[in-house]
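In the two assemblies presented below, subunit A is common to both, partnered first by subunit B and then by subunit C.
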Partner chain A sequence: MYYIGLVFEYLKNYMKTRLTYRADFWVEVISDLMTQATNLVFIFVVFGHTDSLGGWSEAEVIFVYGFFMVPYGLFSCFVNLWNFGDRYIVKGEMDRILTRPAYNLFQIFLENVDPPSLIGSLIGVVIMIASGGQLGLEFMWWHIPVMLLFSVSAMLIYSGVYITLTSVSFYSDSPTGIIPLLYNIQNYGRYPVTIYNRFIQVLLTWILPFAFVGVYPASLFLGRTEMFHMAWLTPVMGGVFLAIGVVSWNIGVKRYRGAGS
Partner chain B sequence: MKAIEVEHLSKIFKVQQNRGGLKGALQDLFSRQYNEVAAVDDISFSIPQGEICGYIGENGAGKSTTIKMLTGILVPTSGRLNVGGYVPHEEREKFVRNIGVVFGQRSQLWWDIGVIESFGLLRKVYGVPEQDYRKRLDELVQRLDLGELLSRPVRKLSLGQRMRCELVAALLHNPSIVFLDEPTIGLDIIVKTEIREFLKDMNRQYGTTILLTTHDLQDIEALCSRVIMLDEGHVIYDGGLDTLKTRWGQGTRVTFRFGAACPLDRLRLLTGGLDVSWTADNELHAEVLVPGEVNVSDVLARVVGQAEITDIKITETTTDEIVRQIYRSGSAGLPEESVRAPHA
Partner chain C sequence: MRPMLSAYTDFIRIRFLTMLAYRVNYYSGILIYMLNIGVYYFTWQAIYGGKGEIGGFTASQMTTYVAVSWMARAFYFNNLDREIATDIRDGSIAIQFIRPYNYLFVKMMQGFGEGLFRFLLFMIPGMALALLLFPVKLPSDPVAWIGFLVMLFFSFLINSQLNILTGLAAFFVENNDGLMRMKRVVVDLFSGLVIPISLFPGWLSGIMQWLPFQAITYLPGSVFTGRTKGTGILDVFGIQLLWFFGLLLPIYLMWRAARKRLFVQGG
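Moving on to the complex of A and B:
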């Protein structure tokens, strides 16, 4: 309850700050959408040359992409660790966080909430509805709770991976180049994994399980029975990766050495 | 009851050693060399509830590292510590509800929103009930005269205004132990005095335990009954400020200007039997150092009638001088019995 209350307080604060910099807000929303649009255009270009990609039709690939946008929007809104090393370790703002009575990682999430990213999630839903209609998918009542469950689980997978890698910052003084690399790898997860070779499939399923943020859970809605068992594994993977993230974070915090005076 | 207890506390940092030159940089890429540096090395002290204790030392002596361990930010390498009944780094979230922290060089407040909004957010973070918060805020705002600042964003405040707000932010949840890391750094004399008065009042009224680090010894003189002095991670003095002065002070310095020549030998003869030491630049100007045990008036009585004096100046050794002298000599040159003086 305490933590839910805090989420609203910080969101309120975010709004207050943002109202002073309104132009910024819209620039961010638009640049976010532009990035997503380019990715979609890329899919259209590919399917301009072929009808199917590893057994997936254009509409299916777009549906997967739409699904991906939902957890990705949630993740970008609530879990923003992009500048953690710089801001909290190098500048030593972690000192302040650690002297307040709320879980430190949670406070960092709250201080970096980015609600405009949620617009991406909404657009993802619209894309799923559009491409689902094209595919003639029938809408069922259970799609809503399952969609919610899968989106949150997928977001937790993302969070777990990023928390784990960000906790490396506690060990090394200099900001690492791992996070940008990861942003590249995660892009692969947006497309059906079956189009890649064996190595990348294993990588995207078990090591950096970004396939669970796109194609696996989406397959349930697409009626791709060969992947159903993977779809239902999404919540499990979410739990496991979040746990790994939180544990390595807590170990990392013990190694925090502060900055400056 | 003890508010803070520290036993054999140490913090060792591994510091990467960079080799020089391009070749060295390439070598560093593959094998790194580390040095172990003890920022805090086996210190012990305890502070009873309701005491204001000053924690001083040169830059890099380990003051901030100690404060950061006491507030749960850093995990100690070894040793035992107990602050307000908690081991800080183990039960961090519960522990910090009971303490207030002000880092003079770092802000607690949100930069872009009004001061009062920051306070409101902190109220939620600390879970202070609305009524208590109102009462406490009114009291603090009145005491520190913040009235018209409350609606301004922090980025538009002057340093002095900001510092007063920082204090309020750290005290809203009425902590029983307060840590202040250089709270008066960069402030003008009026704000400094105001903050000192405020801290003293708070200590008197609520029995708040205060530990502060500072480079301004006037802070210490105005506030602290006790000082802990640190050098290279070791405690080199722990005791009352008065004891520090009498033990380390060189006593009183009396400067004479004579109307007619008055050689040193004659002066020495006049004060024969008293344990004082004379120095002189020339025959018209002499200085005598009177240790604490000797009465200054005795010295004056012997000299005044006998020589033609045009001017006398009496100066007490200031804490600044004492501390400067101790820093300069470091721990090595200290008289043995002063290293651990009894607590005042």
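Moving on to the complex of A and C:
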């Protein structure tokens, strides 16, 4: 209960700061949408030159992209760790967090909550409906609970990976870390992973499991039977990677010494 | 003049040494870039299938193009936009204003120090590894090598100019994170890094020929793959030069406008 109350307090605060900078809100929404649009351009251009990508049609790949946008929107809204190293370690704001009673990671999530990202999730749903219609997919009642389950699990995978990588900033005092370098890799789980060689497939499935934030779970709704067993693994992977993330975070926090100044 | 110049070159040296201290990051960076090249290599293989040529690229030219484009990015990429935005947001830009140097010129020098590090310890070893892993063909013509290296330097200049412009936007919108993210994706797509410009549908590639992004990746990449040869190299280099000088004007105007409207947030 205490934590739910905190969520509302932080959201209230968020609204207040946002209303101070109203123009920013729209700049952010529009630039997020443009970012997603440029990713779609890649798919359109590629399918301008071929009819199938490893046996997947354009509408199927776009459906996968639509699915990806849902957990990605949730992730960017609630788990925004982009500036963690800079803001909390180098500038020492972690001191402030640690003196408070609520769980430190939870406070960091709330301080950086970013509701405009949820618009991306909504657009993802629209894209799935449109491309699903194009494919003649039949809508079933169980699609909704399974979609929710998979979206949340995929979001947890994302969160787990990024929490693990961010907790490296407790050990290294490097200003940027390797997260920006990973930025492109998260995109590759959105394409049929079977076109890659064995090594990359294993990497995207088990080590940086971005295929579970795209092609695997979406395959269930597309009726691609060859990936069904992977689709149902999504919730398991979500649990495992979140656990890895939280454990490595807790170990990392113990090493936090505060900034020198 | 002499001591001033050496003050600027010191910024290059200091940034280079700072980067050297964090070099472990870049060893993992090389592996991650190999992965990027690998993913696009296999994606293009799947797209080519049996096709001989797409958008004027043979499958083998595409492999070389993908590898050299990513390794060029390893060199020209920097975070000047983020650095400038941070300086503006936390107010330390105010101190930069009163120091006896040009802030933007200092940023450019720091970017160059970082670029020098990235060229020697990121791009060259990365390219060597890419040669081992993928069927990449190096150009045999020395003119192509010279043309490519000169153009690569201008890729860095133009990309840094765009970063400076994006960073300075923090003067006008309080939070320009979204803008910086968008710039990164737009540069990757429109520079021809993920898809060569000639593969875009006609109307879109028509628009891109009037934008500065192609000068960052597509034009030097075309020289390296041998699709642009001889005097053609001078033509594409001319486009780069035009953009380099053309972009100085908006930077100057923005910097002038920014100095007038600076207010420091918070404490």
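The definition used in the following text is that the second predicted complex is superposed on the first by the 258 of 261 C-alpha atoms of A that agree within 3 Å, B and C clash if a C-alpha of one lies under 4 Å from a C-alpha of the other, contacts with A are read in each partner's own complex, and residues count from 1 in each chain.
Keep this in mind: a contact is a pair of C-beta atoms (placed from the backbone, for glycine too) under 8 Å apart; a residue touches a chain by one contact, two chains touch by 3 or more.
If you're wondering where the values come from, they're calculated on a predicted model, not measured in any experiment.
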Greater residue coverage of subunit A in the superposed arrangement, subunit B or subunit C: C
First (subunit B), second (subunit C), both or neither touched by A:G92: first
Touching partner for A:L19 - first (subunit B), second (subunit C), both, neither: neither
Which superposed partner A:M1 touches (first subunit B, second subunit C, both, neither): neither
Partner chain in contact with A:E28 - subunit B first, subunit C second, else both or neither: second
Which superposed partner A:M140 touches (first subunit B, second subunit C, both, neither): neither
Partner chain(s) touched by A:E9 [first = subunit B, second = subunit C, both, neither]: first
In the complex, subunit A residues that touch subunit C: 21, 23-24, 27-32, 34-35, 38-39, 41-42, 45-46, 48-50, 53-54, 82, 86, 172, 174-178, 180-185, 188, 191, 195-197, 199-200, 203
For the subunit B and subunit A complex, residues of the former touching the latter: 13, 16, 59, 64-65, 68, 71-75, 89, 92-94, 96-97, 99, 101, 103, 105-106, 108, 110, 112-113, 117, 120-121, 124-127, 181-182
Interfacial residue positions of subunit A with respect to subunit B in the complex: 2, 5-6, 9-10, 13, 16-17, 20, 92-96, 98-104, 107, 173, 254-258, 260-261
Of subunit C, residues touching subunit A in the complex: 22, 24-25, 28-29, 32-33, 35-36, 38-39, 42-43, 45-47, 49, 51, 54-55, 79, 86, 173-179, 181-182, 184-186, 188-190, 194-195, 199-201, 204
